[in-house]
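There are two complexes below, and they share chain A, which is joined by chain B in the first and by chain C in the second.
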Partner chain A sequence: MFSKGREPVSALLLLFPMLVLLGGFIFLPLGQVFVWSLFQQEVFGGPQRFIGLANFAEMGSDRVFWQALVNNMIFAVLSIVLQVGMGLVLAALLDHGVRRFRVVYRTIIFAPIVVSTAAIGLLWGLMLDPNIGPITDWMSLFGVPMPRNGILGEPDLALVGTIFVGAWQYTGFMMVILLAGMQSIPEELYEAARMDGCKGIRAFINITLPSIRNVIVTCVLLTVIGAFKVFDLVYVLTNGGPGTATEVLASYIFRNAFEFSNIGYANAMSVVFLGIALIFGVIQHRMIRK
Partner chain B sequence: MTELKIDGLVKRYGDAEVLHGLDLDVEGNEFIVFVGPSGCGKSTFLRSIAGLEDISGGTIAIDGTPINGLEPDQRGVAMVFQNYALYPHMTVAENMGFALKMAGVSKPDIATKVNAAAEILKLEPYLGRRPADLSGGQRQRVAIGRAIVRAPKVFLFDEPLSNLDADLRAHMRLEIIKLHRQQGAISIYVTHDQVEAMTMADRIVVMRDGYIEQVGSPLELYNNPVNRFVAGFLGTPKMNFLPARVTGLRDATATFEILGTSIAVEIVDGEALSVAEGAEIEIGIRADGWDVVAEGEGMAGQVVHAEQLGRETVTFVMLEGDTQVTMIQTGQHQLKDGEAIWLKPAAARLHGFDGNGLSLPIARQHATDA
Partner chain C sequence: MSATTSTTMFPKTRKLAWLMHLFLIGYSLLILLPLTWVVMGALKTNREMFTDPIALPKDPNWGTFITAWDDGVRDYFFNSVIVSGFSVALIVVISAMAAYALTRLNFPFRRGLYLIIILCFAIPMHAVLVPIYVLLSDFGLLNTHAGLILPYAAFGLPFSIILMYSFFYEFPTELEEAAKLDGCGPWRRLWHVVLPLSKPILVSVAIFNLVSIWNEFLLATIVMTSPEVQTLPLGLVRFRDQYATNWPGMLAAITIGSLPLLAAFVAFQKYFIRSMAGMGK
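Moving on, here comes the complex of A and B:
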């Protein structure tokens, strides 16, 4: 690790403050999560009882845990389609379609990312409210029937509604990343493609998409990771409801730890959660082509 | 035999006209070089032929068929770009075959044509590699291969060698010329490097400010430039320009006074000088157009520096009136910095330009005649 002629001791000395911070705030709690996942505990600081892998066994038969996991997956897949898909379309339009006011459009579309997710949750909660929200009125103008309890009050629609709000916030962000990727493609490449008889949608497929492959992979992974750790949006918009229709892993872990007094179980689920996150990390590492 | 005919080509960006009605006829398998300083419109001219720029007026026709309304890939032209413009995500073979793939050519046919081009360019070992794994010269060859595969009637080169180092550039110049002879198509080559123009062209098109200044073979342009611009642009080192005055005009002879030295020159048969006696003109003397004379016979000067190149000596001389000129002598001449020297322009090698910079019809003997 240390090249010849360097002093390992002084290197360690320089790294020490960072190691303390990392150890104290990342590795120590991480280890604690692993340990606590093997115990049953009802109050923070309260008595712990060692139960081995019983917490992990419990997950297998916990219907809500599996629903939360499936919800995360739906969240991920739909978010990829909406955020990365729409982001790509918008970026392509701004890159080659729109000539005027490009910066204005880009700024407007990007804007939602700077608002805190909690505020966006509250805002869209009002927008989608069946009684006072304007969405119901607008939809009725087009003759689109809306559920009586609102989209977020309908078990079959609440998750999709939540995912849509998430996409509303993040699509602009994805667009900006993708657009930056697209704009780094030299114009000469498109000219060469035109000479080769390739333009428009064919140039998008043959030149643009392969050129920003790594950017797309990064965006997809960011979206998936975002979808798996989503908490604030769900908490504010639906709080996991109606029933458990929009429960996701993070919200379910939170609920177990702080509402159901299942601290050991919440830790065990966190371990599984970490495992999933690691898998995506490895996938990302593998898919980025040097 | 291919014929490329350009008539009154005009290109405007908004109100700004950048190409002002250009005409050019190219026939057979000529190698044409567009040369000129930055912003002269040579690249725009080339891109108009390629179809990458829409033209605002005039016609471009290949073999009698106007092509200026056609898409670039329908024109029968292929282009080699300055920065190669290879598709980074495709292999060499895929890069070369991309146009054929877009045109719907079958895979076996593409492979045959790509392999044939790769053989010509000695690219066979690299067909499976990506551009990032190639050297600059190899990338350039792939870019040329991509053009060859399409078997175009006209090859367009946009400063293709400007990213290569000097050695490789000299090598690729020759490679491109050899390829051109093999392919038997028209080649149009844009460069700002007058050495490339002189060494490669069958005919050079010198451009300035969106106009064609002169078209001709390298030696025609070198020996008989139509104006001061062409004279100054072609040739290394650059032509020396000195202020002069017409002091005598008699029959077929004119006398010029250049920095106090009187020189008599012959006028070309049947031509007349467009300037009157007493007119201020400008004299152009190529670096090899000087005679070193005995003390007091010509213009007095001082050696600023002599570059010993072995085969020839390039000397910078400061003449009276703070005019620095360049002189080339074949062979090795021991000249010390600061040494006094007397120079006289060789009358039979002199160029003259009137107040508008147009060439005066002075009879000349060129180096080959001697």
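Moving on, here comes the complex of A and C:
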């Protein structure tokens, strides 16, 4: 578009700050994670001992690692159902359902996104507290018994409870993305369908859903990536417990690196984590380009 | 919302409209009740909190907010302001420069560089925590504001560049051609011609990054171990561990910490929604 000559020099100057930051904080660390995953190290700044792939072998027999991985998957699947499912319902109601107060509903439902997940974890930790949290009181009004240690204190319920809190925060995000997709569908499509007698739920199934197929897939991917990155919520609500019932990959890596003095092992798990992130990243990129 | 959606597609029976409103009101209450409970709880005494957690405060105790503010929330708040402010400013400026070079200038490996930036977008900070910790430690940046600002800026860049890239890509070049004929180099074309006309995307990028950086927790936990430099999310959790028995104080801290972004969101919600909905594109 513009002539050549000094352009590469200008380009280098414009790109320089970015190259420094990406190089220093993304590419250098990326290489180090791979190299350090082959070493055993107990303290930061302490000696490193080369052990080949032993860290990766350890993962195979580490029950907690697999539990964390499975917990991430449960997190992903349930979050898709709750966040994308409910997000679709809410977006449909705001798009072609109700006519009044739409901005009010949208504002309220989206609001939790701008609150920090740490604060939301604290808030729901208090709400669900078995002794003084109001949830127990509210539930007893309806005659629903609550476990004595609270939902987050029960190994079988803690993960599901955490997933619900996550959905409480993020469903509004999905709703807004899906709503933006729905609003870009031309109104003529609906009018033509109405001529043929197709309206209501059938218009939603035959027109809305197919038109925003890509947006729905993007939402599913965002939810899955988010579910594999979950840390704050688990750390604040349950700290991985009770026992290791709610341990996830990010919290287990964190614990190994900064609590268990198992730095090499943490790096090896980071390599696995990177692999998972890259797979979903590539799928997402393919989707965006379509 | 736009006028094009004013026709309803569902049958317009009164009963159905009521049911849909009922559903939306119910869901809104599910969001609003816990948030109100936080503010109400902050106004109660600890005794009221224990005896009846649901009841409204009998004698609103606004002093709790002042105590929480003086008791550390002030420091957390200003740390968050400094860290978020500098990070977002860096991200906006650096990503605009990079996206401009990538869309307007000819240089070797241009296409490859853009692909690398897309690759960076897929790499989560979670997976490189140990090396980042070691790097910051080597440079003496642990427990400093710069120790958070620089990595936040780095990890905020890829998505911001991708957003600006597609904006600049579709941006008409006639004005720049004219400026070029008048002897303006690439820097002046960027600052004086392109950026003043790019406010929507700059605002979107700023908001998106502000929300994620203001609330970031994992890296902050590792980098900021001494209380004087901690940001709000860390400070709130620290508050819980310190004041496990002072519920109103904790709830007041949560309220103060969440209020700035909530207020900004309600005031500028159009921009917030546009910025966040951009994730779906």
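Convention: the second predicted complex is superposed on the first by the 271 of 290 C-alpha atoms of A that agree within 3 Å, B and C clash if a C-alpha of one lies under 4 Å from a C-alpha of the other, contacts with A are read in each partner's own complex, and residues count from 1 in each chain.
As a convention for this text, a contact is a pair of C-beta atoms (placed from the backbone, for glycine too) under 8 Å apart; a residue touches a chain by one contact, two chains touch by 3 or more.
Since the structure is predicted, the reported quantities are computational estimates derived from the model, not experimental observations.
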State whether A:F56 touches chain B only (first), chain C only (second), both chains, or neither. neither
Which partner, once the models are overlaid, touches more of chain A's residues, chain C or chain B? C
Just chain B (first), just chain C (second), both, or neither: which does A:L189 touch? first
Which partner does A:F164 reach: the first (chain B), the second (chain C), both, or neither? neither
On chain A, positions contacted by chain B and by chain C: 194, 199
Given the complex with chain B, which residues does chain A contribute to the contact? 186, 188-189, 191-199, 202, 206-207, 210-211, 213
Under the touch definition given earlier, write down the residues of chain C that touch chain A in their complex. 1-2, 4-11, 17, 20-21, 23-24, 27-28, 30-32, 34-35, 37-38, 41, 49-50, 53-54, 90, 94-95, 97-98, 100-102, 104-108, 110, 113, 116-124, 126-135, 137, 150-151, 153-155, 157-158, 161, 173, 180, 185-187, 190, 211, 214-215, 217-218, 221-222, 232-234, 236-237, 240, 247, 250-251, 254, 257-258, 261-262, 264-266, 269, 272-273, 276-277, 279-281
The answer for chain A against chain C in the complex is residues 1-2, 4, 7-8, 10-12, 14-15, 17-18, 21-22, 24-26, 28-30, 32-33, 36, 44-45, 90, 93-119, 122-127, 132-134, 137-138, 168, 172-173, 176-181, 183, 187, 190, 194, 199-201, 203-204, 215, 218-219, 222, 229, 231-232, 235-236, 250, 253-254, 257-258, 263, 266-267, 270-271, 273-274, 277-278, 280-282, 284-285, 288
Any idea which chain B residues touch chain A in the complex? 50-52, 71-74, 77-79, 81-83, 85-90, 98-99, 102-103, 146
